[in-house]
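First the structure, in the form of structure tokens, and then the observations on it.
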């Protein structure tokens, strides 16, 4: 098994780990971390598989996509953190209220 | 030479794994931060070695950015995240 | 530019547009509102008269608008549509006059008259629909525009009545929709055609067609108040009297019955329906409704409720006439569509007058009311005798043809039903008349309003008298060229004798 | 291997040893202040030695400059952070380890 | 063999760090572990021959995200009425709503399925690299990643700058946040920031310049600039009030704004959106990258700062 | 005249104008409102222009950067995209008019830039022919939508927005993973190229699973709808309208587009799954809506139900093709208009009465006749009663279901309509009571009432426009060419 697939598999597992943490954790900061880990997993898959060109230089297109993805991720993280802080300030609790249905 | 660089990189990585223990162990937030700092420095060293193996001077830039930003996280910690509450936990 | 293609649409628009304007009028613009209403009604009547004349001379009036790529919105003036259109546009004019008098000074009149106009537009649309999808469209529009009228008073009782009305009619509408779409997937057309358009379908579709027939009759039966789908009708009596009159005589129930007529004659075709074996059960259902409605009417003290159950019963005469599946019974059924409307609207106007002028709501309060309000009660008496089927009033003509038709079709049991129902009619109308004319009036009426030397306001008095006279006239002049009977014969002819 | 390679190897290995020492110190020393001491050894000397080892190998002056800059930056960050952490720890009343 | 061991160790280290970061009962520990995870990710990018991403990750993933998370944690504690509730293990266990293994079962299936799919992909595939190489000449730059980012798929990059702006608008529309407690900067930090800021700027300029032919570019440069802003903010620096109004907003939209204008102009001249003529491509890309760098830097720093600057002034 | 109109690149303007507008609103908050109104109106004109172009020249292509697929990004618009753009422009203009009266001072300066950027993202999304580009547009739209949902900063709004954000991010990542697999499996992210290249393989199925799951989550199909009611119910009224009418449709559009071009032809049972979930959504959403005591939640759950209808087309399309998709598109369009009107009307009632408790609305509804009419007309379309766009959609759907003998779906479609009538009249029944106003009421600007009313009229009018609309959607035959509309 080449390193390409090693890293791609690591990416798959990271994605799933993040998903698992996203589901089981109630604390929002942890959910945000989980989303970030999931993102890293996807990026890893994208970039690892780009190395399959058979030459020294990997396919640059996924690299550009991942850079885009990283910027999107940091933007989303910043927004999510601010929302979390505002919510905590309102409710005194950094978790989502169980269900706001009446 | 290549082998040496790689071996050293590997060694530093293992070293890093050992240092991780302090992040878990704590006991104070400061300890955790210190090990993260060591982590950063080691990563710079590993990067430098990897740059040498790949003979890609661009990787030096990565190390440079690492080195620059190592301070930012640590400062953010000291200035923001470090709260007073841990006074009593520091007993070993 | 072919003007004839736009007249059916104009007939619908002649009440729709005034209605929309009326919605936006301020409450106090009484005169403008009344003018709009009456102008709309008159224009409509004129247009309908024009079409009547034209159709009689073989002209063709048809509006077609694309609705779906292969389905059109069709408004067409045929004999059957004109029968119903004429009835509703004449009665709308009368009812409008009555409503203007009846609602004087009460709140939310703009809203009321707006929906009132919408309701009539929908009814006219139902009448003129040239295919099932147009019919369905106006049928649902009718549901939606009547609901605000039923709950108009805004009381808890009214709200419950409206709720019950909606539950019944929306459900019925869904069944009708289902039947219609299903039919469309089988045939690819929905155009009303004399003698139906299903003959060409193979045997293998017959079970499906029976189910479709059941779905459609169930859907239409809600509005036609066929037992057991009649529950909403007596409840809806909480609405103001003009609304009741409209519901019972012109719009809602008639739309249901008219739909049944259309489905049997122009979708399935009478002979095809008989071949499918669906007319027999329909006749039995109608017979049951006739007897059941009459029996229930017998035990109501509330005047409007008694009239409501009377409606349940009388409507099924029409269904019965259709279901017997013979030409003469058809004439009886179709002509009753008009006759019942005229008589019943007179009766409801009278009931409204009693409530509005004297505060009388119950049969037991009607002692001697004939002396206080002779004109009103005279109209009532004509209506009541008509319902019983006494000659020479319109009801007699209907029953006569129904009976003849039943004999012709070899369904003698129908005579029994008719006789029984006439007896029952007498049993619940004669005591009222007896009370009104031959009992001593009480010292004071429950809630009397004075109108000078008249027994009540002109706007309230004229409509019942006029409609009662029309009922009388329809019976006495039945053989005249433009009489309802004449049209009914024309229709029956097209259904049974034309190739 | 040319002579400069030997020098480089020696420097690199020495650097790695300092890193090991730093890690051990981080793990074994009893309190924040002593651990700080260990850490800064790894930072300053360990990385310094590795940088020197690589400078010997470097192919251009630009690379040398970058390597040195990296070292200086890490030194600076390490020193400042060590200072800040120590000061913070003192301010927060974390006690010094006494035998 | 050594290569393999290094990759395996990195991969396992990534998984282990991620697991520990996600499952640690202590929030601070989780964040520190996450920062460490980011560092290892950067090493992984290097191993995967993706130095551009390694640079971005080093600046954004490991540096700025870490600072953001730490600052958020600080504010979170400030927002809590009861500080004890932050990440204490007892609390954490009480909050688990269902058996923790329950989602693990389907997720293991997901891992197995996706793993199988990844392994089923052909071991060699060129993707679009041949097309990129073929058109690199006329793209105006020689670094293929920059060529993709600013020329071949420049439209994506334009929208990506908008994402940043949207995030900032979102953060600002939520009002300023309480800063949490902050100790006085002290002379060391002051000196450090004074010394480092020019270096940051130099490095950013260098990365921007070098991006045309080597790893680097607007995002990396912008993040370094943003990090400089963060450091200055941490050191207690604040802009003059006048600068936080229109001038700041102008800097923030300069990147996407310039991009849109270039898009319009190129469309008028060449017929297609963002179609550069080969002669002007390199200068246009440099222009776009420069404005983008400023915007990215300012936006990242502003995101770290939290609320709208003038709002914050009212709070303190 | 005609040549001038066909020469202007309307498609590109649809993206760039709101983009620039958003930035300008951010720079100069004072002119934000005017600029927003003008630009959304220009948006309507641009769609007309684009429609003109498409009708005279056929489908719209634009190779961004001049590279063309697969290296560059292609913009593409056929009848389907055109209709989505048109409904976006119309609803968008309605929302703008409404918002100009709704938001005050601070909220206004925050609303306009985000709103224009959402609009730009929506237009970019409907015009894109590149699955990675779609990811970026999804993110712009998603983040801006979240920020708008949280605009009031109330506790409910914040928690709703947070849930929404997490669902959004999860959906995006799942989608991106699918994109990664497709790219590495078939070497392109251009939809047209992929349509040729993609073969049935584990990669394709995994990509379908990931992309499908991500988009279904964003579209809020049962059981992944959990985030929608709190987010849509707690946002400001125009934002709720935007979310329910347009944003949810955007992810549905991508799903539809990818299904049509890439995944659908490969067969498989996913369509059945979509159908079952759609059916459950119709019932569950409607029942939940009936149970609600607060109006906004009722309307939000109604969205859950109506989204279910869209997915009923998938199993039917297997053999019915064009007809089933036409039904889905029609339902989507009329739902967009009707639901926007409904949320705007709800906003009026909320503002007038200060609350949205259904039981106490009698004092509100009857005082706002225009709003009540808007709600009623929108309700007619939602119920699927004639004459309305909703009716046409349901008619087509029923026709297909009956023709295929899918009795289960027939029952669901009819039952869903009945339940919808239940919850719509639960509100409208309040309009006719005679209660007096008990408390302080707040005036509702005419622009807000008319915006709701006109959108509702649009939903009704759509019932009469089936022939032109369905012939428009056929341009470029997005649903395959095996059945040509007469």
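As written, the chains take the letters A, B, C, D, E and F, and residue 1 is the first residue of each chain.
One rule holds for everything that comes next: a contact is a pair of C-beta atoms (placed from the backbone, for glycine too) under 8 Å apart; a residue touches a chain by one contact, two chains touch by 3 or more.
The structure presented is a predicted model; accordingly, all values stated were derived computationally and were not measured.
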Message: Taking contact as defined at the start, I'd like the list of chains shared as neighbours by chain A and chain E.
response: F
Message: Please report the minimal path length, in steps, between chain C and chain F on the chain touch graph.
response: 1
- line: Of all chains shown, smallest offset between own Cα centre and global Cα centre goes to F
Query: Which chain is most remote from chain F in terms of Cα centres?
result: D
- line: Whole-angstrom distance, CA centroid of chain B to CA centroid of chain D, is 11
Task: Determine the centre-to-centre distance between chain D and chain E, using the mean Cα coordinates as centres, and give it in whole Å.
output: 27
Task: Go ahead and note the Å separation of the Cα centroids belonging to chain C and chain D.
output: 98
Field: Shared interface positions of chain D, touching two or more other chains
entry: 69, 73, 76-77, 80, 84, 88
- line: Multi-partner residues in chain B (2 or more other chains touched) are 16, 33, 35, 61, 64, 68, 71, 75, 78
Task: Hunt down the residues of chain E that sit against at least two other chains at once, touch-wise.
output: 3, 31, 47, 49, 64, 73, 75, 114, 118, 121, 125-128, 132, 152-153, 156, 160, 163, 166-167, 170, 174-175, 183, 189, 192, 196, 199
Statement: A full list of chain pairs that touch reads A-E, A-F, B-D, B-E, C-F, D-E, E-F
- prompt: Which residues of chain E touch chain F in the complex?
  reply: 113-114, 116-118, 120-121, 125-128, 131-132, 135, 151-156, 159-160, 162-163, 165-167, 169-170, 172-175, 246, 249-250, 252-253, 256-257, 260, 263-264, 267, 270-276
- request: Would you pull the chain F residues touching chain E in the complex into a rising list?
  value: 9, 12, 16, 19-20, 22-23, 26-27, 62-67, 70-73, 75, 110, 113-114, 117, 120-121, 124, 132-133, 136-137, 139-140, 143-144, 146-147, 150-151, 153, 177, 181, 183-185, 187-188, 201-203, 205-206
- prompt: Can you list the chain A residues touching chain E in their complex?
  reply: 2-21, 23-27, 29-30, 32-34, 36-37, 40, 43-45, 47-68, 70-72, 74-79, 81-86, 88-89, 92, 94-95
Message: Using the touch definition from the top, list the residues of chain D that touch chain E in their complex.
response: 69, 73, 76-77, 80, 83-84, 87-88, 91
- request: Quick one: which bits of chain F touch chain A in the complex? Just the residue numbers, please.
  value: 132, 136, 139, 143, 146-147, 150, 153-156, 158-163, 165-166, 169-170, 173, 176-177, 180-181, 183-184, 229-230, 234, 292-294, 297
